[in-house]
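Chains here go by letter, A, B, C, D, E, F, G and H, matching the order in which they are written, and residues are numbered from 1 within each.
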Amino acid sequence: MSTREWKVYLSGEIHSDWRTRIAEGIRAAGLPVRLDTPVCVHEDSDDCGAAILGAEDHAFWHDRKGATMNAIRTRTLIGEADVVVVRFGEKYRQWNAAFDAGYASALGKVLIILQQPDHDHALKEVDAASLAVTRTPEQVAQILRYVLDGSLPG
Amino acid sequence: MSTREWKVYLSGEIHSDWRTRIAEGIRAAGLPVRLDTPVCVHEDSDDCGAAILGAEDHAFWHDRKGATMNAIRTRTLIGEADVVVVRFGEKYRQWNAAFDAGYASALGKVLIILQQPDHDHALKEVDAASLAVTRTPEQVAQILRYVLDGSLPG
Amino acid sequence: MSTREWKVYLSGEIHSDWRTRIAEGIRAAGLPVRLDTPVCVHEDSDDCGAAILGAEDHAFWHDRKGATMNAIRTRTLIGEADVVVVRFGEKYRQWNAAFDAGYASALGKVLIILQQPDHDHALKEVDAASLAVTRTPEQVAQILRYVLDGSLPG
Amino acid sequence: MSTREWKVYLSGEIHSDWRTRIAEGIRAAGLPVRLDTPVCVHEDSDDCGAAILGAEDHAFWHDRKGATMNAIRTRTLIGEADVVVVRFGEKYRQWNAAFDAGYASALGKVLIILQQPDHDHALKEVDAASLAVTRTPEQVAQILRYVLDGSLPG
Amino acid sequence: MSTREWKVYLSGEIHSDWRTRIAEGIRAAGLPVRLDTPVCVHEDSDDCGAAILGAEDHAFWHDRKGATMNAIRTRTLIGEADVVVVRFGEKYRQWNAAFDAGYASALGKVLIILQQPDHDHALKEVDAASLAVTRTPEQVAQILRYVLDGSLPG
Amino acid sequence: MSTREWKVYLSGEIHSDWRTRIAEGIRAAGLPVRLDTPVCVHEDSDDCGAAILGAEDHAFWHDRKGATMNAIRTRTLIGEADVVVVRFGEKYRQWNAAFDAGYASALGKVLIILQQPDHDHALKEVDAASLAVTRTPEQVAQILRYVLDGSLPG
Amino acid sequence: MSTREWKVYLSGEIHSDWRTRIAEGIRAAGLPVRLDTPVCVHEDSDDCGAAILGAEDHAFWHDRKGATMNAIRTRTLIGEADVVVVRFGEKYRQWNAAFDAGYASALGKVLIILQQPDHDHALKEVDAASLAVTRTPEQVAQILRYVLDGSLPG
Amino acid sequence: MSTREWKVYLSGEIHSDWRTRIAEGIRAAGLPVRLDTPVCVHEDSDDCGAAILGAEDHAFWHDRKGATMNAIRTRTLIGEADVVVVRFGEKYRQWNAAFDAGYASALGKVLIILQQPDHDHALKEVDAASLAVTRTPEQVAQILRYVLDGSLPG
């Protein structure tokens, strides 16, 4: 009997250590999970299109070339994921995170949201499309542990 | 030979008259377009779940009941649309709009974004998934006119 | 601009007047809704296969011929519905209702459940797959009214 | 030439040893089958949502948090299964089992039902959507053996 | 409330009056059914490709041009049908009928088979994919009547 | 019994009268066909993006804005078509026509190619994905006539 | 770089050695191909349902139980195949083979037909849905060799 | 944690060394990529059908047999690819390349175009369906490197 590997994509905020903390929880529990992420180096993610394909005069097309290049990674990995975790942080507009959540939802992916209570009202439609709303990365890891091997914390 | 009716869903900001201006442009041009929208009365949209199904003690579940009830309308109409226009306004986080854009994109819908240049960078991934980025409701109507009957402005 | 007709399938319990009460609510509100139902005459629904295709010696195959004949109607209409309402009554096992709910859910249909609080725990997975859990047929009609034209009761 | 691994999901009743008996039959025959199941510890399955995400005041939302958490596992594994076996036991309403059967059926999964003759009439629609109705776990294992390597019992 | 039109495709044997008898049953019962068929003039169906696109030296390619031209009609109408009735007659190999049955089955269409008992064993896999095995065109019409308005014969 | 309207999309070369000749054939035969086309005014099709959304400094992005705007029409109408006719003319590279053919093919649309024999070798893969290779617009109209009502020419 | 394994399903006639000859060609060429087949022991395939699930009084239901049990294997393996080869032999009606061909075709599988010229006219629709019509098992192996590694015979 | 293998299909021009240069870039960067291609020996690709299945009198059918045989490989590998790179060279009509681009696009594959600036206008619709337009094979390799491990050149 084979062991199933779960594919989990971690979308959203890139300025805190939440991805690391989920990864640690998974490693500690020994779960067969493959974690995928976007490119999390902010400037590279912004400039990748121009860096490889050449500079643009206008910011709009500079951004476009970067965004479509990042979409190669994002769409492929979300398209293959079993679970998409979307983290909304304290700052910035994070429309990209919400876009990923909608995209994953329409594909029928399991959605887990990670956000703080002060965003509950603003995120109510996104939360309603998810199967779990979490407050800490550790809760995400605990959910994956329970889902994969049935173990509950404590 | 029948006339094709185009189904256009107008998602996003509900505090300005952009939907009306698109509707006027369509009417003026005599285009066979059915416009659909979310419920645009803010309080009703917030409270519909509790109003029909009963109050909740906690804001989180009050919001959940409203969000899922609105999703009955939103998912059905986006799922049927040929074109989804998503408007990002000046204020608020508007995660719901970005979620709808991602949702529509994953379903393969034509996406048209309506937003101001100061949001270009923050919306670059959303814009990159669209087939047109517009600045005024009139441009949206002009696009629909061109797409439906080939007429260009001026 | 055309008027959208919503297709609503009413599945489940056939011994009370809940379908009629929803239909009345829809008629009173003047909503463009097409209601579809299974064949609700219990004996006909049981015996249709044998009546048309010939009797069987064994109850198992008698039931099979009836069940597949009813499935012609059920699968087609659920497959076309925008919204599937599933009613769980007070009596009987009603596995067919739960099967329809699962079937509709996997097709991505909007699911509305109509059931009493004493079944909440037993129906928790079914409820969790729905967008609304209702207690009265009038609430179902009110939801449809809100979803279609934005009107709230009272 | 590789060996195909068959993915078989075992849904339904959790109070008898039927899953173990199928697993034993598979092991004895040396079949390349991966068996997946829901979490079968009743209390954990009920309380997982609250245990990880925090308690709720109302049973309805306590149940909802648990049900959606379990759905992460259930939907993913049913969505990947080749064969879904659904067991209906002697007791309880088991709407969840019937829901899983409908869900699997709409996804085009092979459905095998395991139930006793006194439920034949109540399960006739569920049975009609299956490719085999069995009475013992051993029959399920025999079917898998025949399907995988062509061996018949005896 | 609109009336649903059912789309029924009648595939298979073209040398008896079975299609007419089904049509008469439908007309007598006043059912909202659109019946579609292949081109039933044998020689035209064989020669259409060469007649329009030019003769071929070899029978194989003559047949190919005709078969693909007929497929324009067949695939489109089966792809749109709610119900596909496949009639196996007394004579000929009728592989085309069995092909249509398999094609419709994979698309999830409702399949009704019309054949005589002496073919039961040879057609057992085809029958098993259907929701009804009938012996007379009148039974097909009776099924449609029951499915559409719940009326049973007699 | 309703009359089925066939949706036929006419893609490709825009410098000869082939679309008109197909339309005339359809009109003469009284066939219920809706013909859809791209915008066939060459300059408008090139400049639509800039005309509505504003000029670009670089031809590449000028073209991009036009191409995506035209894609709103093209993708929607091909996505809805029953039959896609693709015409390859004598001149130009016509990669857009071949792209449309591939796009339609992957969607499972019926493909009819209209081209001259000197292109047979260059178009062999495109032809092989079609259900008919024609030489004149009149042949296309004759095919549609045969497919819709069974009439052969002459 | 991994090696791709091709999954090839061999459907149809079970009374000659054609499957063995294809397997030998594949082995000789060292191709990474997994060959799948139905259960090819005629009596077991006929009686499997009754042998495991119990005897039936009527041949019709005896056949039904066997046919649905075999469908567990057939549908799963065809559903996973890259290529479906369907062999029509000299004898019997072989409706099951034609059904499999139609089923595979609607799923978009690559279809290769193996049949003799005297069946060309009767099989013209089946042939037209295939990508190759072959006369010998060796040709099937040669096609697979060419498709996998580009080698042509001779 | 497993390593994801990316599947990249290289379609189009077969007269220069662009595939080799991409392969070298991938090897140098140590990326887990499986590269697939059509059969790139021009004469074999033209004659494969006749070589295996027998000669044809007419070039049209000679070409058809070859084209459908190559389609076995092409459709399967494009259907499985994550990324489809389409190269347009300096010469020939290359309709096959544009067809593959359209085919891949309709399947939702990531499309990368490799072409020179003098073709920009002729390829504007194809480019607009892609996520990157490149000028050198090295840029394709750099994109894959960035997408897979986040490294930018220089």
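Annotations
Just so we're on the same page, a residue touches a chain if its C-beta (ideal position, glycine included) is under 8 Å from a C-beta of that chain, and two chains touch if they have at least 3 such contacts.
This one's a predicted model, so the numbers in the text were calculated from it and none came from an experiment.
By residue number, more than half of the contact pairs of F-H reappear in one of the listed pairs A-D, C-D or D-G, namely C-D.
Here the CA centre of chain B is 43 Å from the CA centre of chain E.
With centres taken as mean Cα positions, chain G sits 49 Å from chain B. Chain centres here are Cα means. That of chain C falls 30 Å from that of chain E.
The residues of chain H that reach two or more other chains are 68, 71, listed in rising order.
Chain pairs recorded as touching, per the definition above, are A-B, A-D, A-F, A-H, B-C, B-D, B-F, C-D, C-E, C-G, D-G, E-F, E-G, E-H, F-H, G-H.
By the touch criterion given at the top, residues 59-60, 63-64, 66-68, 70-71, 74, 88, 92-107, 117, 119-129 of chain B touch chain A in their complex. Taken together, the chain E residues at the contact with chain H in this complex read 57-58, 61.
By the touch criterion stated above, chain F contacts chain B in their complex at residues 5, 33-36, 39-41, 44, 47-49, 51-53, 65, 68-69, 71-73, 75-77, 79-80. Within the complex formed with chain B, the chain C residues making contact are 1-2, 4, 6, 82-83, 108, 110, 112, 131-134, 139, 142-143, 146-148, 150, 152-154.
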